[in-house]
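Beneath this line is the structure, given in structure tokens, with notes to follow.
Order as written gives the chain letters A, B, C and D; numbering starts at 1 within each chain.
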Amino acid sequence: MSASVRGRVWLEKLAAGGAPVAGLPPSVLASDTAIDGHAVRVIAVVPDTHARFARARNGEVGIDEGFGLARAIRATPQGSAILAIVDVPGQAFGTREEAVGLQRALAASAEAYVLARRGGHPVLALVVGKAISGAFLAHGLQAGWIGALDDGAIEIHVMSEPAVARVTRMEREDLARVAREVPATARDIKTFATFGAIDRIFEVSDPDAPSGADVSRVLQTLAQVLREPELGLRDPVERLARPQAQATRAIARRVRDELQAQWDA
Amino acid sequence: MIETLRYEYPAREAVTRRAHVGVVASGNCEVLLEPSSAKAASIVVRTSVSGFDATWQAVLKRFFARNPIAVQIEINDFGATPAVVALRLEQALEGAR
Amino acid sequence: MNSPVWNSRRKRKTERLARIAHRVRDGRFDAADAVAVLQALIEPGDRVCLEGNNQKQADFLSRSLASVDPALIHDLHLLISVIGRPEHIALFERGIASRVDFSYSGPQSLRFAQQVADRKVSVGAIHTYLELFARYFVDLTPDIALIAADEADASGNLYTGPNTEETPTIAEATAFRDGIVIAQVNRVVEKCTRVDIPGDWVDLVVVADRPYYIEPLFTRDPELIDDVQILMAMLVLRGIYEKHRVKSLNHGIGFDTAAIELILPTYGERLGLRGDVCTHFVLNPHPTLIPAIESGWIKSVHCYGGELGMERYVAARPDVFFTGRDGSLRSNRAFCQAAGLYATDLFIGSTLQIDRDANSSTATLGRIAGFGGAPNLGSDPRGRRHSSEAWLEMTSSVEEVRRGRKIVVQLVETFQESGVPTFVERLDAIELARSAGLPLAPVMIYGDDVTHVVTEEGIAYLYRARDADERRAALAAIAGVTKIGLGADEARTQTLRADGVVAFPEDLGVRRSEANRTLLAARSIRELVDWSGGLYDPPKRFRSW
Amino acid sequence: MSLLLAESFAERGARERAQSLLDAQSARELIGPFARLSSPYLAAQGVVAQSDDGTVVMRGTLGGERACVVATDGRFLGGSIGEIGGAKIAGALELARRDFERGTPTRMVLALDTGGIRLQEANLGILAVTEICDAIVALRMLMPVVAVIAGRVGVYGGLSLSTALCSSIIVSEGARVGLNGPDVVETESGIEEMDSSDRPLIWRVTGGRMRFEAGFASELVPDDVQAIRAAVEHAFTHPRPLPPLEPPEFPDPRLERDAFLRAMGIEP
């Protein structure tokens, strides 16, 4: 796997001139900046070829990243929003990580996002690269507003494709066919957006080296979103009510309706 | 990939309650049994193992010849043997009586 | 006239040993010289008995033998209990051995069948264990025996640990007719823990590069026992063990018999059967026996071999198991097979196919699996002269001169997991014999030896059937929805039930709804460990903690 | 003979597990199997759906107080969480929070046995788990949320994050808790990283006892229904919060794998 540079590139562009946050592992970048006058802490997980955990050198979310993200989020200044730049190929797959308790590291970051959002910090996310599995749960999915680049390299799923093939004992062609028939198994951003969790998809000229126009278009949109802080404060459950989710998440709504109807029967 | 099979047998005995047994796990099946007002037992089988229509028919025919109960039954199957199917049907019947 | 020579075998042995004298010190040679030693000792056409047992494997020696130069050593006649390892097949592939007499080939059955089909090897016969051992003392006496042990001392005495299995039998047959006995050992010690093979039966010792390989074959994880197996276990307990007061018996290897072992302390206890049935066993130390032993059901167990992880438990229960002065299990396949043949009232086991006459076979096309001990255990010994309640009950004769009969039970689900019927019109064994050029179809247990067949539908008491036609009707009555079962006549089945030739669960007071895992005295390997007070130490692959 | 009396929790299905944690006779299932709310996505993938989607919701009382137990069944597709199961868990948590705000608190217990998000419904599963994580944190700020991990699968994948957010985690020795299942680690990182057939090692690294000793679980219980019930009730009457989600002490990860494990007190 060649390490992706997108997280760093987009963080540097969007938080140009921002103040780097100290005290984080090299694989967690955070920068305090202002977008259209709104204070924003921009956070990304980036590859660190020298990371002390060997299984977390390509931008994966591992022990240091999960707890590092939590630290960056918890220390967000009063009144500042948070912007998560998402380019995470997955969580770290290692025995050392499991022994230390990787689920707690990722939970720490997910919890920090929830508490920040519920504590009044608008939380935004911008998906610029891969958003796989536990890594996405820990970094991005708890945002009240999520944007994404329109790019074929973006992949959203709970498991890498080869691992899915092994677990389901299906060939890759079969997986592709299934993805067409069952959109819930697709890996592309457009299909994922049909479930109501993506608020905006940006067309960009080059996701790896965005032009000034690309960046300013994204910044403009972010500025609009920050002007309506309630957008970044929405709980994940509110996604069920979005127009895109009317058909795609009807069953999840029906389950809740029936639970509620039977709860005190 | 999934085969849906339907069967119907004459019935004369009524059962009082519905019953649910089993699980959709390898070599096992889930049975949902409900009383029916019709004078028949109607069965729907959904199975991921195709090509055993005759075996299903034989198992069910035997069961309903011995237990002519008016019911609607749904079986969700993951490769249960006839022995497992018969046992689950017995267990469901016991729960329904 | 030349005076006759009466010691040619002995002279030949002396000559052979002289050829390798330079490589031997104090009766031992180096592992590095093993191939050279075998190459110098063995001659083309020799009968070589290789210890490949059900569990213990002389794998260092078999690997060495497979590495000799086929230009020098070829056309050996291999005598082996179990063709179980890849290098056994290599012996045929490389032309080192071209004929084999054996008993079982489970793990290599597919590759072995291919060697036979390719005419790389011809099969003398597929034996049952005791039969193969017997022939070592008649017409198949080995020239060379390659055996395995845990320890050797300076005099060549051997200690075989809990897995003695066939080592003494092979060594005796070879040593006392001037064959050469070579033992691979895990280590050389000053004094053996126990002497299982006396040193003067052993010619050469080599310390192997690594401890001999051993296979945990008899461990059945209770987690995998299902309700149907429990139902059948209940039927067996009520309809056979209780009915005939079966005290001495052998259990085959399988989840259905493991289920029987595990419901003794629960269902069996409730039926008040403790002390009346299942008091003496002939089998390997199955971990699933632990709850019944701990609950005081079992008085004695004699074993063919050991079982990995059961060492400390067995050593701590010398009243039940046969153990040496050192405390560890002493097993012996030959004696245990003899015990299973003559001294037990019942054999129960599973099979893959049964025909309408109750002939059974585990052979499937493309595989030559062999039998192991089943044909011996699952047959009626006509030479038996001691009686027991169960043995006598198998005969309806009231003549003054009469004999009893061994109870031979086949325990099967009507269909295998893959939806393949167990009851078939024609055994695959017949076609297999034809295609492999075997003179006999490999029938594991002949129908006329079978007294009972148990399925989830009920029990066929075949010994009570008046004629062949009634036997077939009884079998069909419990054959479920297989083609054979669908041929059963409902009215006749009712008559057979009334006559006690067939019993359904309700006839035996067995409630199907009660057949569930709560009846198992242990539902996991962990619970077996708990029952053993921590003495059972299961192999890694069975642990969930 | 006490071994014969122990009532195994792991042996039971999800329905029986949920029932066994509630007061006798008080359990009432919501959206049971006859509601036939089963996954519409599985048939196209060659899998027969189960009528309750493998997740059971039971209302009742626990120690006399209003309660809800949600249990997943590890036998159906590894206890995986798809759209319906996920919505059952999230929806129950949301209703429990509503109850608290209305002054009728409902004790919430998650009896999970799951390999993680259901691959066959991946996108819907990951969105549901996001909602579950949020709902657990929101409810936990008001009252205890108790996780019971005592099944044969344990808890892996996305749901391991969710359970780490609970205020109490009750584990059995036979259960495992980890983010990545051993076979996934082996597939992604190779057999020298993790040999998924080395069962003792898997339990030494991710087993219930290890998690309890490391302080990541509040209680280590035997596989016995009564003991687990008592532990659950205790978790509500005497809440003992788990340590905050901070990095634990661990050795230098640049150590060779086995040396690292040994330094953590795990014999590889």
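FYI, contacts are C-beta pairs under 8 Å (C-beta built on N, C-alpha and C of every residue); 3 or more make two chains touch, one makes a residue touch a chain.
Small disclaimer: the values here were computed from a predicted structure and weren't measured.
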{"item": "Chain nearest the overall C-alpha centroid of the shown protein atoms", "value": "D"}
{"item": "Chain pair, C-D or A-D, that carries the greater number of C-beta contacts", "value": "A-D"}
{"item": "Approximate Å spacing (C-alpha centroids) for the pair subunit C, subunit D", "value": "43"}
{"item": "Whole-Å separation of chain centres (CA-atom averages), subunit A against subunit C", "value": "59"}
{"item": "Whole-Å separation of chain centres (CA-atom averages), subunit A against subunit D", "value": "24"}
{"item": "Chain centre separation (subunit A, subunit B; CA means) in Å", "value": "46"}
{"item": "In subunit B, residues with contacts to at least two other chains", "value": "28"}
{"item": "Sites on subunit C at which at least two other chains make contact", "value": "none"}
{"item": "Chains grouped in pairs wherever the two touch, ordered by label", "value": "A-D, B-C, B-D, C-D"}
{"item": "In the complex, subunit D residues that touch subunit C", "value": "1, 3-4, 8, 10-11, 152, 173-174, 197-200, 203, 207, 209, 223"}
{"item": "Sites on subunit A touched by subunit D in the complex", "value": "52-55, 63, 67, 70, 90-91, 93-108, 110-111, 114-115, 118, 133-134, 136-138, 141-142, 156-160, 162-164, 166-168, 178, 181-186, 191-192, 195, 197, 235-237, 239, 249, 251-256, 258-260, 262-263, 265"}
{"item": "Subunit B contact footprint on subunit D (complex, rising order)", "value": "13, 32-34, 43-51, 73, 75-77"}
{"item": "Subunit A partner contacts - residues on subunit D that touch it in the complex", "value": "28, 30-31, 35, 37, 40-41, 44-45, 57, 59, 83-84, 86-88, 90-92, 94-95, 116-117, 119-131, 133-135, 137-138, 141, 157-158, 160-165, 177-180, 183-185, 187-189, 193-194, 205-206, 210-211, 214, 216, 245-248, 250, 252-254, 257, 260-261, 264, 266"}
{"item": "Residues of subunit B touching subunit D in the complex", "value": "1-2, 18, 20, 23-25, 28, 30, 32, 34, 46-48, 74, 76-78"}
